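In the part that follows, the structures are each spelled out as structure tokens.
Paired with subunit B in one complex and with subunit C in the other, subunit A is shared by the two complexes that follow.
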Partner chain A sequence: MKEIYIVCIDDEPDVLRAVARDLAPLEEGFPIETAGSADEAKQVIDGILDNGNCVGLLLCDHVMPGKSGVRLLIELRGHIELEAARKVLFTGQAGLEDTVEAINHAKITHYLAKPWDKEELLKAARDELTSYVIATGRDPLPYMRYLDQTRLAEYVRQRNRIDTGQ
Partner chain B sequence: MCASETESTPGSDRPGGGAERADALRSTREETIARVRGLIDTSPELASLLLEFEPGDLLLREGGFVGKIFCIFDGTVTLFRRGADSERIAVDFVREGELVGLLSYFTGARNFFDAEVTQRGTGLVLSFEKFRSLEGSAPELYRGLQSLIYHNLIERYRRMARLHMELATVNSTLEKERDALRRTVAELEQTRSRLVEQEKMAMLGRLVAGLAHEINNPASAILRSIDYLREAFEEVLGQRDGKQREIARRFWEEGVRAQMPDTSTQRERLESLVRKHPKISRPLLRRLAVVSPEVLGMASDLDDRKIRQLLPVFEAGLSLQTVQVSSERIRNLVVNLKKYARPGAHGVSRIDLREGIRETLLILRGILKRYEVEVDLPEIPPVDADPGRLNQVWTNLIHNACEAMGESGRLRVSCGRSDENRVFVRVQDSGPGVPDELKGRIFDASFTTKEQAKHFGLGLGLSISRDIIADHAGVMTVEDAPGGGAVFCVEVPSAVEDATEGK
Partner chain C sequence: MNLKKPIALFAGIALFILPFFLELEGLSLMGHITLGIFLLAAVFWVTEPIPIYATSLLVIFLQILFLSVQGPLFQLNEVPSATPAAVEEGVWEIPAGALQDGERVLLLVNKNRAEAVPVEVVGEDAETVTVRSDLVAANSRLVLDADHWLLEFPAPGYTSYLNALANPIIILFLGGFVLASAAVKYQLDRNLTRVILRPFGTKPAYVTMGLMLVTAGLSAFMSNTATTAMMMTVILPIVAQLDPNDRYRIGIALAIPFAANVGGIATPIGTPPNAIVIGALQEQGVSIAFGSWMMLAVPLVVVLLVFVWWLLLKVYPAREERIVLDLSGKFNLSWKAVTLYVVFGLTVFLWVTEAWHGLSSSVVAFFPIAALTAFQVIEKDEIRNLSWEVLWLMAGGIALGISMRDTGLAEWLIGLIRWDAMGAFLVLAVFGFVAAGLSNFISNTVAASLLVPLAVTLGASGILAEGVSFEMNAVIIAVGASLGMALPISTPPNAIAMSTGMLRTADMAKMGILIGIVGLIIALALSQVLWPLLGLK
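Then we have the complex of A and B:
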């Protein structure tokens, strides 16, 4: 079965490790990959897609040497397979202009400020992945235990009603 | 601008008579006045036309029409006109032998002035009809008055010419004064912003000193606790039984000391781990991928249970390492901030310029992250300088370079010896560069390429930076960088070395 990946991008290894750790409760259902730069992130994503899997959540730092997070997200818009992926900008340093660009052009779906709170990060990731599962029309049952059960249950109910209606 | 002050006696400064001159002008004004007064004094009928004026009497009202001419014999009548804000302005004075009401008489227009008596006196009052009738009834008086009118008109014409001259002089004086004022204001503005910057830096210094103290205490406490924690943990590990103990100790030490492998190495290790241990869950293996293969190799026949025992030991060590590295980073940052802002330290000392540049680069680390930064700081002779003020200059130059480059670019900071007695510091960016026509103006106090408000507060103007360098007997210049961009170059004299010193 196609796996839904979480990809975290940050140039600080300590931050990256901490984020991956905070997201560990989701990892049984959603494998996590990490990348230390925007260019590495592209390779990682290509690898995931080449193996027939997909990316459900991109969690991306903004200020990084080389290419900024917003720039990366804008470049990734060309990927048709990533269109449904949820994009979270995760930063302590984006100015107003960067933020506006992120929303208007990089189509981010959530913004998280550093320093972050573990529960807040987990909740954001859960919400975004729930949206992803619903939007892509997947069978939500395997993900029930990791995600927002109320929303998924509602989704299942709606879907069944439509199915029986037909 | 009061015409009466400069009023001269028309007769006295007039060159000798000319045959072609009009009859009425042949005699001087004084003579004419005397003749007219004589005529009035000797004729009871004409004497009835004489009137005494008291201060405050209004002979004419601006905008009104009375149809009378006044010929003043003594006393003063002041002509007022209302200014733009309806304030009365004294425009002219009418004195002995001069007339009021001529304008209305000749043109029929409404009065141009208020004519108010300001000094008691006497004068002749004639309605326009009366004046015209004098031609027949008292021709001699009529001619005398006409002569006075001519004198009056000529005098007014002369006054006007003089006024124009005065106006021109006053204008040019005013212009000069205005230019001087403008320069003074610009200088004051510069002094003010310099003072504000100085105060800002002093304030920053005080703030940082206080903050540094507050941050240092918890940071030191954290660093101390790390040592205790490590000892305590090793104690706990030591209580395990023989074979387990050694492996656990290696996992622990790996966590405390090992450098984190980069993410691509982690990925490679994860892939081989997944192949090797298909039964162990991927999340567990991903955590294991941080551990080096050597240490991992110590634990033979890895299974889920074993991993769950060893991994926390390793990760505890790794977390301890992170805490240590991070708190050391905080402590270094505080030390640098303190050095950079130099609370209360003013004045010149013998310094190595490179220290201040390094401090500045560290302070601006967050901003510089997105650029490629090349730092080339070979050893240079010391300089006698005020380190705090020079830091403002480095900050300004580096910050400006970043602003010029925008999103990304290449920053090069270097130093060296210009010659035996001078050292230089160069800040080079890969931005659009400074156009030739702006190179001369860029150091002006009023020059800016963007609204100052956008600056984050440490970017004081280039003019102040240049002044600081000038105070150090140095110069600041801007050039084109090879391959585009700008280079700002600061050159200052190196400290005069002691004669006994070898090098």
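Then we have the complex of A and C:
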């Protein structure tokens, strides 16, 4: 089965460590990869896609040495495999202009302010990944225990079928 | 690399070819071919190297290819025949081989059917016979080999296999699908749940009872999958509020899928195995009306639900005093939704009152199909979203059953077992337990498809003379197929409940096995007491 990855991008190793720790409850269902810069992020994403897996959630810092997070997300729009991926801008330093650009051009699906609350981060990741599973038409059952169960159950009701079992 | 699929594929194909190289005593050539198709279907359905509905379609394709007049087997082979030579008016010279025992000749009607015609022998020599008959004509084709394999099996046209795809019972199911799809679209299922649950209050025992009742009732008319998913959305909020160590959580998470599995038994459209059984009985000239099925099944469902309710509360007692469900919401009153309510109510009314008006349930089922599409209550999107693959899966099962009976394979297969050592009741119990056991591991529909032709033939063949009813055997298979619910893979409702992470497989297995056994015991008891009174011979 294709695995759905979470990719976290931030130039501060401490932040990456903390985010990975906060998202640990999801890791069994959604492997987490981290990258310290925009360029490294591209390599990580290519590696995931080359192995036949997909990226469900990009959690991206904005202010980084070199390319900014918003710029990275805009560039990644060229990747058709990332079209359905949910994009979270994760920053405390984006001004109005950057934020507008992130929404209009990078098409982010969620904005999370730093410093963050652990529960809030986890909830945002859950919501976004639930949307990803539904939007991509995947069998929701393998992800049910990690994500928003009510939304996924409603999806099964509407679709009236599941892929596993009979 | 995973070798399971290639091995399953190879085994299925090898078993399909094998009968072509065997000469099994008492089995016609066509029976051999059907045996090959049966073995391939059994291996593919059980091991699933390809999806189970694809196997069904493959079965129908192979039947058209090998068992229909239009197939190459019948097109490329011919029964050796000769035309008569006229001697004088009504007197013909025919090859000696064309004269059959008892002064008859066989005239080919078509590729594989011949008609016996009496003749009067007026003279014969070494190679020819002179006969008198008004029924022979100059263009008659006289069969030279009366034992030719082509004449053994009156192969039907390919349309009779394609007909399985629109078998009345499939249409009945399609009607159910259309109604259910519209019900989901206009939230009828959810609103009914809300209204019915309200009087059950907040006591945990009554809440469980209400949830099970609604689940069973809805799954009797809608798919067990959609019902379970909808009920999950009802219970998830309350489960989230309970203490993680409260065992009531487990009880409630098991109550929904089990009630859905059991509720499916209640009506012909509740679950596909019921349809397979009713379809097979119809082929034998026994029609079970919608209402009659419910009279057989509902008592079983009710008694079993009460048992499940009692069992789950006993094993997983509630700690809280009050369980409050969110029952807010209101009925959709747009004209399309109201049309749906009327059509839904009328259809169910006509189904259960078949005995009064005599319109068969399949005919009635076409009413919602026509009405809901005409009023555009359901549209293209919903039509595309119907579970067509379930219908195709059922069609393959029905088509296979027809061939097994017509070619004599079913009779040959049951002849392999010494049934006369068993009494009628034991046979019934064996079919029930085998069906339930199999459906724990394979699709319920498939289990019914494989077993029903055998059960029906066993009853009809007269091997067991006294007291064996093929109707009873067939019904117990449908019931058994729904009672296999011990594992997460047993049924879609089980899979959904397990996926929430609220349960351990051990919880489901312990309760599921117990409920399956108790359910079969109740069914077997009813088969001795109630069912005969309802006319099930």
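Note that in this section the second predicted complex is superposed on the first by the 160 of 166 C-alpha atoms of A that agree within 3 Å, B and C clash if a C-alpha of one lies under 4 Å from a C-alpha of the other, contacts with A are read in each partner's own complex, and residues count from 1 in each chain.
Criterion: a residue touches a chain if its C-beta (ideal position, glycine included) is under 8 Å from a C-beta of that chain, and two chains touch if they have at least 3 such contacts.
Bear in mind that the values here come from a model prediction, so they are computed numbers and not experimental data.
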item: Touched partner set for A:Ala113, first subunit B, second subunit C, both or neither; value: neither
item: Which of subunit B and subunit C A:Pro142 touches, first, second, both or neither; value: second
item: Subunit B versus subunit C as contact partner of A:Asn160, first or second or both or neither; value: second
item: Which of subunit B and subunit C A:Thr150 touches, first, second, both or neither; value: second
item: First, second, both or neither for A:Val100, with subunit B first and subunit C second; value: neither
item: First, second, both or neither for A:Val44, with subunit B first and subunit C second; value: first
item: Subunit B versus subunit C as contact partner of A:Pro65, first or second or both or neither; value: first
item: Partner contacting more residues of subunit A (subunit B vs subunit C); value: B
item: Complex contact set, residues of subunit A against subunit C; value: 140-142, 144-145, 149-150, 153-162, 164-166
item: Touch list for subunit A against partner subunit B, complex; value: 11, 13-14, 16-18, 20, 24, 27-28, 31-36, 40, 43-44, 63-66, 68, 71, 93
item: Touch list for subunit B against partner subunit A, complex; value: 260, 262-264, 266-267, 281-283, 286, 290, 318, 322, 325-326, 366, 369-370, 372, 407-408
item: Complex contacts: residues of subunit C adjacent to subunit A; value: 52, 180-181, 184, 189, 223, 225-226, 229-230, 232-233, 236-237, 385, 387, 442-446, 488-492, 494-496, 499-501
